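Heads up, the thing below is written out as structure tokens.
A, B and C label the chains in the order they appear, each numbered from 1.
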Amino acid sequence: MARYILRRILQMIPTIFGVIVITFILFNLVGGSPGAMTLGHHVSPRLLEEFDEVRGFNKPLLMGLWSGTRAFEDADFSRSASPWQGKKGVQRQAVDTRSGWAVSFAPDESHLIPLRFPLHPETRFRWSFRYRLSEGAHAWIFPADADELDKDAEPWREGTPFPAAPDWRQWRTMIDTSAQPDQQQWMLYVTGGTLEIDIVRLQRRANHWFDSQFVHYLDQIRRFDLGYSSQTDQPIGQMIRAGIIPSLTLTVPIFAIGLVLAICISLVCAFFRDTWLDRFFVVLSVALMSINYLVWIIVGQYVLAFQWGWFPVWGYESMAYLLLPILIGVVSGLGTDVRFYRTVMLDEMYKEYVRTAFAKGVSRKGVLFKHVLKNALITVVTNVVIAIPFLYTGSLLLESFFGIPGLGYLGINAINSSDVDVIRAIVLIGSVLYVVANLFTDICYAWVDPRVKLT
Amino acid sequence: MNKAASPLIEVQDLQVHFGSPAQPVRAVDGVSFQIAPGETIALVGESGCGKSVTAMALARLVPEPPARYVGGQILYQGRDVLQQDEDALRAIRGNEISYIFQDPGSSLNPVFRIGYQIAEAIELHRSDVPTRQEVLDLLRWVGMPDPARAARAYPHELSGGMQQRAMIAMALACHPRLLVADEPTTALDVTIQAQMLALLTRLQAELGMAILLITHNLGLVAGIAERMHVMYAGQFVEAGPTEAVLRAPRHPYTRGLLHAVPRLEGTRERLTGIDGMVPHPARLPGGCRFHPRCPMCQTRCEVEAPSAAEVDDTRWSRCHFWSEVPPP
Amino acid sequence: MSATTATAPQSGHSLWQEARRRLRRNRLAMACLWIIGIYTALALYGEGVYRWHQWRDVTPSYQRTDLDKQYLQPSYLRAPFAREQMDWATGETYTVSGWQRWGAGWTRLAQHPLGTDGLGRDVFQRLVQGTRIAYQVGIITSLIAIPLGVLLGCLAGYFGGRTDDFIVWLYSTFAAIPGLLFILAIAMVVGQGLLGVYLGIGLTMWVGLCRLIRGEVIKHRDRPYVAAARALGLSHVRIIFRHILPNVFHVVIVTFTLRFPAAIGTEVFLSFLGIGVQGEPSWGIMISNARLRLWHGVWWEMAFVTAAIFFIVLAFNLLGDALRDALDPRLRTEGEGDHE
């Protein structure tokens, strides 16, 4: 038994890792910038950069040293000369490069490289250029790190010169903001010809090869640090802890009442199978499950609470406020449950041991409530255990409609305000609970079914 | 046609239908037979011919719905089983008429211990709860090795033979007067089959009960049954003393069944069997129900359904040309 | 046993013929097919209307606001049927109720038969557009989920070993993530609009199908006909897709029928939250609008959307049940079978 549980726990690890990977892919990779998703697309790049800095989103994805920065967006010259758009002496022209476009810089002028905001201090950055210089031309970028000085070129003030090149060349220079904390301007200076730039890129250096978003994420999870909500600036762990109790006060009664009702009705169906009563319940359950969940809530709230005034309309102050949401939750889920448990019961009714029991002289009641029910309980128990994690996520709609400050309410708010970290935390915890519940399901299964041995 | 002594159970023109009344599926269509106390009779036929439904109907055990008992009578000790209420039926089931089924593995309830299931069978027909010793004695009686362990075991923990012994113990717990054995050995190994047969014969002798044996195994029939009924498509096609029927069948179907059994002695002829399949009860052919598969089929067979023709005073056959059926 | 032998399929009838015969006898299932057919026709009509307006580059009538026609009740309840008339003999006026004035009644009956909403837009036309979007979502999500589930399920079931381990790991990972939140997260990350809805539903729907297909394929993998095909030297691809797949394809059909309404429900939910369709009259958006108006006593928009969703979901659910019973009754406790 202990060995089985140990083995199952080991088997849980890949699944939990898979969940981590999927949430990572979903929120860090697919969505583009989580900052933009949360704060909106019209926020200043500086705010976004700060958002990313706090949450580690400006690191490389999996591993590596270099990642982009919003201070200087990678320029796409095929569309415009950005970020030099409209600057004097800068021209965009068609050339024979990948994008087909480059910008050329007029000679004997210094051209400011426009940064959107001062670079983060104590971080190292790197400029990369793909460029060419016309015959006899010289170009410098200044100021820049002296280490990278090309020895052959003539220095101009403290700038770093481009080595002369008629063909397309790569050139990089490192800059260290800790060395020049107040230096936030970079200039290009060209003499004796034109400088053409095909690609220009500013990259940020990570602390080490594995200083990546993924490792940062794993590290957060290891520390059980769920981060801060971007909406309320509260720690997410605290928000979730506060939301669990209201969620459970809603979902546990719904689940328990729904389960007992569904099993009772399904037993009635099994007892009176193929009679009008059974058919009535079948039709009723299909009809119940075909009514949209939203409609249950909206009409229930409008008619029962607002028009007839039987229940409070909105809030979370006393037990009375929970009654209507619980009622709606039970009724809307009843159809599916009755159908399921009725099938379970009827499947058992057609098993051969039922025939044996009847042949022994057991009454209909005895067969149903002793022989069949005990067998059906195997399915019921496993089904109940596996449903437990879903109690935790609460009911998204019921909570937000009735103003119950649980996790469902939290979730809906987070989705409405694109609060990525909150969603990610709820999804992550829900998944882990599900995996754990799966283990408990198997243990319960062995516990209620004598045929199953845990080995 | 049969013994005049008052029969234990008498089935008259039993009709059990499935499906809608508009399009009935005639699973059992006019079956009549009797079983005398202490007698062993056999019902023989291919799967799907209605023999299991007939057997289950004796204690009104075919679930309704979907089944409907449309006609006929089942007189158990002079009273019609089909007319009795649920309580009276329960008093008969397991007490007067007991059943053992083909697959003991699935016929025993998987979540109750063997001992409990046997005790339940006793308790249902007695006012008091049986002692543990009674259950153990029963298990020992049916030849269960280590009865104490078996009583504590769940069905899946026993072998097939042990499971069937437990089923027999359960069926015979109340000393029934009729045991209906529905393919009791089919799911078992050949060596176990012989043990079961010996066990049943012994218990029958001790209790003096009648046995209705449902099988498609003619060897088994030859071994223990005194009389046999051959069933095809919901009807009996031939009935008579086992030995006479097996030696000289008077219906081509019986003969076909015999030919499907390999034999050791005699010439090494080819096993012929019977072509085709049992027709679906919803789509029975007209005329004689066997005519599409019958090697002796003639025009008359396609249009006219044969009635039971007496061969001699102990046996009859439902064939127009019974006298022409060649020996096997 | 008796019941099963009594309804055992006759030789010469394939599983599909038998199923079709059983289905055709099932009057309820045929009624459901009719309902689905009507909805499909409406969806196609809606698509036509949508395309035509797009091609003409005009505001479609279901989007045109007309503040004079705000909150019109369904046509047969509307006041214009009743009109005051003067009795020429006495000079008194009296009211003629609607149904006595046939001539005018019929033409008016066709105007806004289901009433209008708060911006004077025709509820019926918007419902038709909602049907179009619901179908779009149901079909496209199935197109994502079915190939994915079938392919992975076949591969896992047929090859076993490492492939199986990987695919089982993959789907148990997806299954572990709370479904609705996962869909919401995908839709949120991908961005507002239908693409997020498609991906969200599609990427969660394949899991159940994959598990079922894998189980079925494992059952068939060791059957003699597969061994025979292997002995003939057929390629794995051919064995999987030509020999095994047709035998397990009924699982796909049943799953499709039962998941279609679920996809519609989820779409309604997402659109209601404002994550799904933008600027088109989806059922979810209609509910969202009608919800506010309900508090002012405008009941018909809500009532008709509810009815529209109810009947299509009901039809699919009942048809799915009938199909399942006709094709494979063992699928009835689908999803719980993984313990066995």
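In the analysis below, a contact is a pair of C-beta atoms (placed from the backbone, for glycine too) under 8 Å apart; a residue touches a chain by one contact, two chains touch by 3 or more.
All of these numbers come straight from a predicted model, not from anything done at the bench.
Chain centroids computed from C-alpha atoms place C closest to the centre of all protein C-alpha atoms shown. Summed over C-beta pairs in contact, the chain pair with the top total is A-C.
Relative to the C-alpha centre of chain A, the farthest chain centre belongs to B. Annotation: 27 Å between the Cα-based centres of chain A and chain C. Note: centroid distance chain A to chain B, computed from Cα atoms, is 64 Å.
Here the spacing of chain B and chain C, counted between their Cα centres, is 51 Å.
With touch defined as above, residues shared between interfaces to two or more other chains in chain C number as follows: 1, 3. In chain A, the residues touching two or more other chains are 352. Taken residue by residue, chain B touches two or more other chains at 56, 66, whereas all remaining positions touch fewer.
Looking at the complex, you find that chain A touches chain C at residues 14-16, 18-19, 21-23, 26-27, 30-31, 37, 286-287, 289-295, 298-299, 302, 306, 340, 343-344, 347, 350, 352, 379, 382-383, 389-390, 393, 396-397, 411-412, 415-416, 418, 423-424, 426-427, 430-432, 434-435, 438, 441-442, 445. Across the interface of their complex, chain A is touched by residues 56, 59, 61, 65-66, 86, 90-95, 98-99, 101, 103, 106-112, 120-121, 124-125, 154, 156, 167, 170-171 of chain B.
Residues 274, 351-353, 355-364, 371, 374-375, 378, 448-451 of chain A are the ones that touch chain B when the two sit in their complex.
Those residues of chain C lying in contact with chain A across their complex are 1, 3, 169-170, 172-178, 180-182, 184-186, 188-190, 261, 265, 268-269, 272-275, 284, 287, 291, 294-295, 302, 305-306, 309-311, 313-314, 317-318, 321, 332-333, 336, 339.
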